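By written order: A, B, C, D, E and F. Residues from 1 in each chain.
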Amino acid sequence: MTDGTMAAMRECYRIRQAPYYLETGDEVAVFEAAYAARLPVMLKGPTGCGKTRFVEHMAYRLDRPLVTVACHEDLFASDLIGRYLLKRDETVWEDGPLTRAVRMGAICYLDEVVEARKDTTVVIHPLTDNRRTLAIDKTGEVLIAHPDFVLVISYNPGYQSVLKDLKQSTRQRFIAMDFDYPAPDLETEIVSREGEIDRETAAKLVTLAGKIRNIREHGLTEGAGTRLLIYAARLIRLHVPVREACRSAVCLPLTDDERLQETLGDLIDDLF
Amino acid sequence: MTDGTMAAMRECYRIRQAPYYLETGDEVAVFEAAYAARLPVMLKGPTGCGKTRFVEHMAYRLDRPLVTVACHEDLFASDLIGRYLLKRDETVWEDGPLTRAVRMGAICYLDEVVEARKDTTVVIHPLTDNRRTLAIDKTGEVLIAHPDFVLVISYNPGYQSVLKDLKQSTRQRFIAMDFDYPAPDLETEIVSREGEIDRETAAKLVTLAGKIRNIREHGLTEGAGTRLLIYAARLIRLHVPVREACRSAVCLPLTDDERLQETLGDLIDDLF
Amino acid sequence: MTDGTMAAMRECYRIRQAPYYLETGDEVAVFEAAYAARLPVMLKGPTGCGKTRFVEHMAYRLDRPLVTVACHEDLFASDLIGRYLLKRDETVWEDGPLTRAVRMGAICYLDEVVEARKDTTVVIHPLTDNRRTLAIDKTGEVLIAHPDFVLVISYNPGYQSVLKDLKQSTRQRFIAMDFDYPAPDLETEIVSREGEIDRETAAKLVTLAGKIRNIREHGLTEGAGTRLLIYAARLIRLHVPVREACRSAVCLPLTDDERLQETLGDLIDDLF
Amino acid sequence: MTDGTMAAMRECYRIRQAPYYLETGDEVAVFEAAYAARLPVMLKGPTGCGKTRFVEHMAYRLDRPLVTVACHEDLFASDLIGRYLLKRDETVWEDGPLTRAVRMGAICYLDEVVEARKDTTVVIHPLTDNRRTLAIDKTGEVLIAHPDFVLVISYNPGYQSVLKDLKQSTRQRFIAMDFDYPAPDLETEIVSREGEIDRETAAKLVTLAGKIRNIREHGLTEGAGTRLLIYAARLIRLHVPVREACRSAVCLPLTDDERLQETLGDLIDDLF
Amino acid sequence: MTDGTMAAMRECYRIRQAPYYLETGDEVAVFEAAYAARLPVMLKGPTGCGKTRFVEHMAYRLDRPLVTVACHEDLFASDLIGRYLLKRDETVWEDGPLTRAVRMGAICYLDEVVEARKDTTVVIHPLTDNRRTLAIDKTGEVLIAHPDFVLVISYNPGYQSVLKDLKQSTRQRFIAMDFDYPAPDLETEIVSREGEIDRETAAKLVTLAGKIRNIREHGLTEGAGTRLLIYAARLIRLHVPVREACRSAVCLPLTDDERLQETLGDLIDDLF
Amino acid sequence: MTDGTMAAMRECYRIRQAPYYLETGDEVAVFEAAYAARLPVMLKGPTGCGKTRFVEHMAYRLDRPLVTVACHEDLFASDLIGRYLLKRDETVWEDGPLTRAVRMGAICYLDEVVEARKDTTVVIHPLTDNRRTLAIDKTGEVLIAHPDFVLVISYNPGYQSVLKDLKQSTRQRFIAMDFDYPAPDLETEIVSREGEIDRETAAKLVTLAGKIRNIREHGLTEGAGTRLLIYAARLIRLHVPVREACRSAVCLPLTDDERLQETLGDLIDDLF
């Protein structure tokens, strides 16, 4: 790969605009130190609390390209590494997302990594210890990671089963940072800005979310993430009545339990 | 793809005739707002309550092509995205239904999405957040969705098992709308019109369905959908005796439990 | 496909001789109405009660070709739709049985459909609602069903497990008809005619079957179907002693339980 | 296939020498009647009681070629039907054992058929009702069975689990015959002749087997078959001490349970 | 295959040096009789008691080539029979180990046969009854076994689960011989000779093993085999302190249970 | 393979710099004796206690190349042995990591071997007894191991399930050595040196780890390995506050249990 195509690829994965992100603690400083020491990082936290946005923010801040992969239970190591493609009767090697990140010195973000097949272990381990290598079996190549490469993984401790736990030998290769929903003030700011509505309504939506997140009844495994609040804000802005907007965007997506929906409905009625 | 072939394909998936649909609440307004904001939508409700018809109605109303996929437990992401076909000794790429929808700006409707294999996550996530992209691994292409594209999914909360629940990180990417059977007046209107029988008989069929839907005994996991009432109406119109038509079209399809069939039979006898 | 080859194929699947069938209720009228309205039909009933024969009878009566597929747990949608075959170094597309039925306007009978793999859903659904289409993924073709096509499925409520139940969203696409063993007079007539023995012996065989069908002890999940009575008749006609013929053709096939065999043996001894 | 090659193939599967078989009841007459009526036959009985030998005997007696397939849990329908083989860069179709039997009018014997994969249903059903056809999907051919073809299956009721039971819709397509170990006199005759030892020792071995077959203790799911007695006889003839021969050939193969082995050892000590 | 290449292959599998083996009973005589009668043999016994060595010894003694296959749960019949290989763009058939043994008249030893996939049944059965044939499906060849061929299998009754038991219809095709650890004198001789240490130390190691084999506590499913004693001897000879050698070579490999390790440690302390 | 390319490959896998390793007992002497006798070695111990570093150390000390493979549940024998690759339309054989090690006389280290698929048995067994061979099925080659080759495996007794236990017939082929965390003095030395911080802070980190390793409460299956202490040290050196560094690098990676995190937090507060 020439320097030119490498630069073009980096450009491709560069975050061009500053992602909107409000710091909630010293997570930026810890991540910067981890990145400076090239330590792999594990982000823990519930759905919709801003893990993905944080990684985008850090990639922008550190001026590094970002390669994101949403993991799932049918994702094999080969999906990360690459494959041979047939292009006009020729077989051409095509780097997978991880390989690209390793070559160009990107931050590679494996979202919900425990969901992936276990053969991903074989690529994670040598990239997260002093070897910093990636073996591409199918071409016989052994890549030494670009000095700027670092691996970031996320996972949600709330709904892991025993079967889907990370092995200790994998966990103990990462610095961990835990995330939670932003503080009310911050979240109001975010919802108002991204949902394009006034701060007052945004604050009410955040209050609603706060109450929902405190419910730990049967069936409600997780609270509403910030994204759902932004969805509600957008519906309101398009003239959907506020209660209906909250119901559609915040309550109904969370659970199918009718009793819980009633409870959630009461919360809406109390607020609006 | 030329503009011409794109237009032809859109034509292919356009709903030509206004689907018969009677509004039951403000679901049309909410969907229109969601579509205006390009928010992904999740339709929840029992079998046969009109979710599919509603999507057809909205596609017609918004004048968008509609691509429908019935999901099942052997449906892989690759079935949605596309594959290479052998045509006269040449390998030709053939877009899958989702890819087609993404290219032409259609509404893509994944019916009973929880049934599909979990690797569909990888296509759903980047299409339902600010990225709005679809990566076609096999060709190396990354599609940016047409501005008019939006994803709609349906699922039936009534018969989901723990194993087949949508992950929170997927759920919290959708506005949700819940559906139920139409109100008696509306349903009578529908059955009379689609089954081509008089309103009086139609009303009786709807009354029967209402009674059945109130039974929550062992084994009857769901009530009879509107389609079954229309089936009964059509049999009656073709001179099948009304009790027999109800039994064949409404009761027998619902359950194999003999006791329940007796109860259902009694309901018919009471009405006709 | 030319009109000529289509006609030839129809001829291939036509039932040439009137199948021997004795009506037991108004099942013929209901089926005719369902077919006139092109409603899909589900036949429910125990093994050997005549469901398959009934479909053959109706196909003959309606003068439609009949395509029958015995479903099993390794039957995939692709087995129904078709595949590419290698013929003298050429790949040739070969329609599967369902595709053939859809093209020529046949009755397609999926026997014991719950046994099949779940991806058959994807072919059943669009063929049983107002779309009436069959998508052939591998060739990219979307077939609109011939106006005379209709889908018929059968299944046996007696031995379905929870895992093998039809989904409500599939069930509620069919008119259902339930079948049981023919009444004694009818069955005697059938056994005498098909087994080529005198009515008196046939009547005794039917009495034996009636007694067996009333046993609902541990292990005897189903009674003896009419086919087994015909088998017994044929053995008797070939001079196998009557008790031995009953044991071999009627009792031994039903169960491996020794105690039950004794009970069945006593029933034979009482009768002959 | 020319008549000549067909004749050659039949010759291949013909039983040339009369298999040694001693009749124990009227099983020969029943089988002959079933064959005359071309009824499919199911042989039930414990391991080593002579089912396979009986089929060989009948094939010889009826002068029909015999094709035997030992079924197992990785046997698919395609293993029975045939496949394309690569021979010197040419793909050549090769009939599987069942297809060969269907073409030449052989008796096809599927030994322990419940062990096979369930897609074998699709080949068994149309060959065992009035259709008598075999569809070869891969070539698109539909074979009508030779008039002399008949299907025979065996299975052992002793060690079937619920999972491995034959479906009623399959069972009720066969005449059944049950087999047990031969009577002592007959078995002595067999062991003496096949094991090439004197009748007295043979009789003792049979007595031993009889005692073992009466034990129904924990772990001894089946008694010793006749083959093991013949093995013992052959070892004795080659000067292995009689007790040791019995232990090696009759007791040790049956079970790994040490207590049971002691019991079996006591039986040997009592007799020899 | 020419006689020359056959002879070369036999040479390849011939045991050239007399394997060191000390007879413990009349196992040699029984095996010789079984081989003379060409009866298949099953060797039962715990890990490391000398079954493999015994087969090597008998192969040497009978001057027959020996083909050994270690079975495992991913071993399919095709791994035994052979496959087509691509060699410089040509497909060449390559016999598997069993096929080679059948052709050249070797003893074929399937070690821990219950571990293999169940389709191995299809190759074992016709090779162990009067047919003595091996069908090579992929080439269409049916091999008649060389007159000197015989099949030997081993298995360890100690750790078989219900799922991994040999079927009775397979078991009852073999003469069985059971093995146990050698008597102390013999084992001392073996350890001293193979481990190259003095008889006194060897005797102590054997005493240790004897004590360990008598422990039947929770977790210790098997005792230490002779090989581990030889390992200990070799470490001692290379100046590892005797207690440490015993711990590393005899105790630690056996179990991960800490309490059991303490018990084993006490046994070492008592002896050395 | 020429001597030159072999030498180049050995160079590739040679450990160039002395890995930092502090001896904790006589593990070096035992390993040297085992290597001198070419006995296979099994390393047992918890995550992060230095097993991998020890192997690197020994490979450096013995001046042998080291080939390391991280095993996982989708690792098949073929991944170890090699495969055919398509390179510019040519199929070229590519040795897998084990094959390379066997050819060049390397130490081959299979990390967490129990995780791998069971067909690895077939490669492990003949390489760990007197045969010392590796059969490469796909090329038909049988490699005799280089005299300097030896196999080393590791596994962690702490989190093995019954399903993932090594079979006794595999275990009893290895000398075993058990590892634990280094003694406090040694570990302080290591952390100070590798984490580049003062000994006092390093000692405190080691004290923290010691306390954590003594907790055996619900959920904490393993203590913190030395690597995590080094991570903490590096963060501290980059000015992350010490408590935060400990939390991110030592506590959060270990467990998702909130109560345990509180306990771990208290331990930090007590120390710093």
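As a working rule, a residue touches a chain if its C-beta (ideal position, glycine included) is under 8 Å from a C-beta of that chain, and two chains touch if they have at least 3 such contacts.
To keep track of the chains, here are their UniProt names: A, B, C, D, E, F = ATPase associated with various cellular activities AAA_5.
Because the structure is a prediction, the values reported are computed rather than measured.
**Q** Among all the other chains, which ones are in touch with both subunit A and subunit E?
**A** F
**Q** To bring subunit E onto subunit F by a C-alpha fit, how many degrees must it turn, rounded to the nearest 5?
**A** Going from subunit E to subunit F via C-alpha fit gives 60 degrees.
**Q** Can we say the copies subunit B and subunit C touch using the same residue numbers, with more than half in common, or are the two sides different?
**A** Looking at both copies, the contact residues mostly diverge.
**Q** What is the chain whose Cα centre is as far as it gets from that of subunit B?
**A** E
**Q** Which whole number of Å gives the spacing of the CA centres of subunit D and subunit F?
**A** 53
**Q** As a quick test, compute the distance in whole Å between the mean CA positions of subunit D and subunit E.
**A** Distance between chain centres, rounded to whole Å: 30 Å.
**Q** Rounded to a whole Å, what is the gap between the Cα centroids of subunit C and subunit F?
**A** Once rounded, the distance between the two centres reads 61 Å.
**Q** By the touch rule stated above, which residues of subunit E touch at least two different other chains?
**A** Expected reply: no residues.
**Q** Line, ring, star, complete or other: which one describes how these chains touch?
**A** ring
**Q** Going round the ring from subunit C and on to subunit D first, in what order do the chains come?
**A** Order of chains in the ring, subunit C then subunit D onward: C, D, E, F, A, B.
**Q** Of all residues in subunit D, which touch subunit C in the complex?
**A** Touching subunit C: residues 26, 29-30, 33-34, 36-37, 39, 42, 44, 76-77, 84, 91, 117-122, 125-126, 129, 137-140, 157, 160, 167-169, 171-178 of subunit D.
**Q** Report the residues of subunit E in contact with subunit F in the complex, numbered from low to high.
**A** Listed in rising order, the residues of subunit E that touch subunit F are 47-48, 70, 72-75, 79, 83, 85-86, 89, 94, 112, 115, 156, 158-159, 221-222, 224-225, 227-228, 231, 234-235, 237-240, 244, 248-249, 252-254, 256.
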